[in-house]
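Before anything else, here is the set of structures, which you'll find just below.
In what follows, subunit A forms one complex with subunit B and a second complex with subunit C.
Coming up: the complex of A and B.
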């Protein structure tokens, strides 16, 4: 029985990896993975294979043997002909698929998170710098737990009267309106949301909504309203407390690194 | 030799005159305008920002090289002195010769940078020199010290052999002291532009008082007791107290002392980061130089010499590369501590994609460094015994780098249909890879795997004779396994604990575990292989050409990475010359986009390699004597007591 060439083994590994990413991780196990991310992972797998086969001369020669045979051997004319036709066709197809008009637009060029201003304001009143501003009711957590509980309950009430339509009953971003929105509402159950930001950042995002986002990285397209037109400062701080109390996540506090 | 040095000098003068001529030529139209009192003066053709950017980055790259190389040159010289092996001494001398060539170019570029800054940004320079005047005088003194010590160290190399060697080594150490001090001083200026503030605890009484007075003057409704109360409230939570600006927020007047301006938030993290980075960069440039010489070598002796030199250069680069992410993490943390908005701009907003690029490039560095080590096992006659572990190590490194490269938000690289199918801009599972806890975990694992590669290389061609070798191997394997498990568990915990615990407790512990494993394993391994017998020979000069191209790739990647991260460090100020104090109102005030920065860094990199190639070529012109007598074949065991244990 003819021994399978190293080149074929590598090709099979490459294809299996693609199937695994595209259909197993991006299908059976989890949600689909964007093509660009799969391309990035496949590039790494390609490099890994190349590294493995090229470290030693003997292995690299063995790896390149079918390539050299295809290019040089007289009895491989048919294979050569197929490749000469197939490679330009594949490249043309790839080029066409990249430059052709698509029905589906690209996603928004959003950054991971918008950058807040240096000062935190409510309407036009400067509360403090973004660095120093803190939730004035947070201190009751230790000083007066009963009063703190009232703020949590007030926050809960504000949330379920105003926010849950989009951000969901369970604060997971799966509210009634969520499916109609792009970008989707924030999921506060995600460990990357609350723990990464100070309360002042949340105050800014809630009070200014979509229109208050910075010019950098526009268009943001978020449907978040300007809540400072509707809610009081206390209500915004209370709902911020409620978010962390419900999810169990703690906001980043002053002076911590990422 | 004397004749050659003279020729070099003439050529340097010629280069200097040509460069000056070019600058003057392009600057002539600007001189035609009356710009005597202008706040900004335009640099012709390319603009002030680009001119300052190119000059500063080139100066930094050359500076990094000439500060990094003497650090390991003196160590190598010391090894040669102690082991009485001339090849080490000769290699160290060759390194310093490369350094000498680059030294005058560094100074020349520094002068060009100052001219550009003074001409294009006179007000900024006035403000900066007003604060940092004393440090600038100190800098000049240090520069003289550095220059004369380098001349003595280099020209006295042959004269100070034998009984004067100790003094020569002292000169080498002194050279490094000057060099490090120079870098620390110049770092104060640029770090101050980013973070002109100190913690309350670090401010003097006089500065605190001035700050309170400024607060009272700027906020007529505030009272002294309210301000003191607000400070006390922060002090209750954080012993360092609040971050206070060293400037009056309205008038911009300087409130602090020179030392407070020097010891600003990001000064020491940048110092440490650059210090380690210089070693890595210097090592990689030396390795690339050796690789080039290897590729064009005509004789086997030349090949063996430059193979050995490339190996040492790469080893030095690796020694710098391994602790570099830890120092970078500390710098990032300090930026967050100084200003959270700046921190968010860096990691989550404006510059977040830059850090994906950074991950790609660091991935190239680690894969490349490992590739070279694995290739190096081919020159040891029984090195193939570890080849069976290689696929697993490649898999670990690639999976870790894939995680490191995964962005938090996919929205800008996905179609609307993909985002909809994914259920948002964060992937439900891969999205976790975008968080720091995951990234810190994989960085530590990549570092441990790279260390394992080095361990295998070190063991190639040797048979341990220690009676406890089996137990030793079990302990080493267990340490690697346990260390990795602990790092992963800490990484997972990072997703569920409070941010403060993650940043201040868990991440440092991850680093300590990785470092601890490396230190303990090294100690065990040294004792285990102390009296090892040889099972093979090292064939210096028997490397694949591919491995040499990898060394050149590493140097290119280091250079690009330094340029890009320099853009991040400087760009973080956005529209400010001095953050929060002095606005940039010049026509170039915009923050460059990532693509603009990548183009600029690429241009700078090409200029740098063209210049460095030319200088190295000049430095070696007519000096083809004295190649180190590296044995083309040596027993692996002989190496145990020398280079590899050192």
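Coming up: the complex of A and C.
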């Protein structure tokens, strides 16, 4: 069997890399990668290949051999003809599809958990600083489990009267209104949420809702209501307790991590 | 030694005595797992004692089911029968679309779901008292979906009176729709048969078939079994003859003796079959002859019902229209010259853009139980004007009859279309708050059913801070309500003189959002259904560059290839 030429190997590597970026990473593993980013990676790979083949003169000549042959040899006429027709055709097709594509509006870049303000407030009353504020009913977990259970149950009732429409019965962000919302409601079963934030952060998000977010959180889009208009402080702390009791996660406490 | 033996034995006996009744009880009350699962996952809606009165229940319609009466909607069993265990297991697994009853497939294991089925059965004694298993609806002679079958079904839809509740075209707008209540006296609405993704028990012809043969227990929708069918017991030919005879009598014509005999015979067959059906429904012992009469009669009924199921299936699109949340773009298409009127055929050349809506539960008073599922929009524009066609399903036509005691306002159907006053300059340029603006104002077009030919321009800085603009723009407006569907046609010029209005430019993306009110569902002020922000654009004509650049690129690359060959040739020589 003929030895595969260096050029073919490089071409195959190049194409495999593109397929990997475009369809495997940007499809199966995560969301599609923007074309400009793919182009950047591909340029890097192209340069790497060039460097690799041009370190020695002999290797470079070997690399260019099939190119030379295709362009010059008399016995490669058909291949040459096919390439000379195919390449311009593909390129012009690509140009056409690019121009004919409908323009799309740019999405809002959105930061999901932006930095909270320094002070935690309920309506206009300052509770404490964001770092020091803590759930006043949390202590009953150890001191008075019966009383704690009452707070959990109250939180449950608050949740199913107000929140499950969006955040879902299983707290997974898939409530029966959720499909029509953009951004989607938070999924409290996601291990990246409750364990990474303090209860005071949750109190802030719940009491001030979407409109309380700083600009990078696109406050104009989110349907998360301003709950301080509807719920009491105790109800908010209770629903915060319920979220962790139901999911089994514990909130981050001040001083650990980050 | 003997003493220890004795104590041990007596302890053992004691333990047995103590545990015996508890074993018996456990079998009756369902296992501990079932109870645990129920109390953790179901009780806040269905109530600790299964009465449908959990703490979350008060905001919900349909109410979470009260399990103490043994009324189940989604069954594979005949009318008046309890559901099978599999029915209960399946409904708990997939949930009930269009209601707050979620599916538990991912959050409860198969075993947990089986145990909770056993547990909810303990709330109704009928399950224990029943010795015989419930009778299931026979699905054997299914008639496959076809155009002909749908045609036959259409006739039956009228014949059986489905129209009275579900309306002419199935949008749930029948004449009795506003009056219906369920077995617990809560308001209930006939299903919109054109949106079968909201069917509680599935959208396949088999599911639909089971619903009207077996009925939807607890709901006012009757079970269409046996003698509810016209001329029950007669074959279609006999029924036709009988109908002709009946008509003659009605018209005051004399029947011949033969005809009279025939009529009497048919009456007899109908009567016997109806009596047989009654015996069957009550579970009485039946002689083989009566059973045969009943079975023959039911054959005709089943056949008709399959046609009807196929017809109901045909009323909805094959699947729910796709919507890409937030990304979906309403593209207005360019037309040279006159824009199409409301009834113009030109509209049919465009696909609707479909926008799902959700209950406004952000600000009090809230709408927890929305009755409108979505709004559809199409649009055209020309060099000076733009025209929109909005349509949405609404089961009732409320133009302002009922007054709210507190506010003195009237419940009526309405829609508002929301834009920012100025399109944002880029993705990081803040938009107004999606709920009628905030610090940044929004520009609104509001239409109300009481003034069907006018559109009001509003500027709002919050859901309760909307003001009518002093200078009202020039709109051409037409609207229509037929068979449970609103159509609203609005035309405006692209540019206006009013600074508070949105000015439209070709190819500029403009955020757009919707609010819809259904007066019949108690919608008023903030109580309404709403959407997130979407995008609207006057779609530019395809660029002519698409004919110039591609050939240019082809030519250039061809030249390059030829040049390359020349270059290498020259270098080699």
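Going forward, the second predicted complex is superposed on the first by the 149 of 258 C-alpha atoms of A that agree within 3 Å, B and C clash if a C-alpha of one lies under 4 Å from a C-alpha of the other, contacts with A are read in each partner's own complex, and residues count from 1 in each chain.
Everything below uses one rule, namely that a contact is a pair of C-beta atoms (placed from the backbone, for glycine too) under 8 Å apart; a residue touches a chain by one contact, two chains touch by 3 or more.
What you are looking at is a predicted structure, and each value in this text was computed from that prediction instead of being measured.
In the superposition on chain A, contact is made by A:157 with subunit C only, not with subunit B. Once chain A of one complex is fitted onto chain A of the other, the partner contacts of A:182 extend to both subunit B and subunit C. When the shared chain is aligned, subunit C comes close enough to touch A:225, but subunit B does not.
Legend: residue contacts after superposition of the two complexes on their common chain; A:117 is shown touching subunit B, with no touch to subunit C. When the two complexes are overlaid on their common chain A, residue A:88 makes contact with subunit C while staying clear of subunit B. By the touch criterion stated above, A:196 is placed in contact with subunit B alone, subunit C being left untouched. Once the two complexes are overlaid on the shared chain, A:71 sits against subunit C while remaining clear of subunit B. Contact with subunit B, but none with subunit C, is seen for A:34 once the two complexes are overlaid on the shared chain. Look at A:100: by the touch rule set out above, it reaches subunit C but stays clear of subunit B. Judged by the document's definition of touching, subunit A residues 102, 104-109, 182-184 lie at the interface with subunit B and also at the interface with subunit C. Listing the residues of subunit A that touch subunit B in their complex gives 25, 29-37, 40-41, 44-45, 47-48, 51-52, 54-57, 60, 102, 104-118, 130-132, 173, 182-184, 187, 190-192, 195-198, 201, 216-217, 250-258. The part of subunit B that touches subunit A in the complex is made up of residues 234, 237-238, 240, 242-243, 329, 332-337, 339-341, 343-345, 347-350, 352-353, 363, 367, 370-371, 374-375, 378, 384, 387, 390-391, 394-395, 397-398, 401-402, 405-432, 434-436, 495-496, 498-500, 502-504, 544, 546, 580.
Residue ranges of subunit C in contact with subunit A, taken from their complex: 41, 44-45, 54-56, 58-59, 99-100, 102, 106-107, 325-327, 329, 331, 356-359, 361-364, 368, 426-428, 430-435, 438, 440, 507, 509, 531-533, 535, 537, 539-540, 542-543, 545-546, 549-551, 553-555, 557-558, 561-562, 564-565, 568-569, 572.
Those residues of subunit A lying in contact with subunit C across their complex are 68, 71-72, 83-84, 87-89, 91-93, 95-96, 99-100, 102-109, 156-157, 160-162, 164-166, 168-170, 172, 176-177, 179-184, 209-211, 215, 218-221, 223, 225-226, 229-230.
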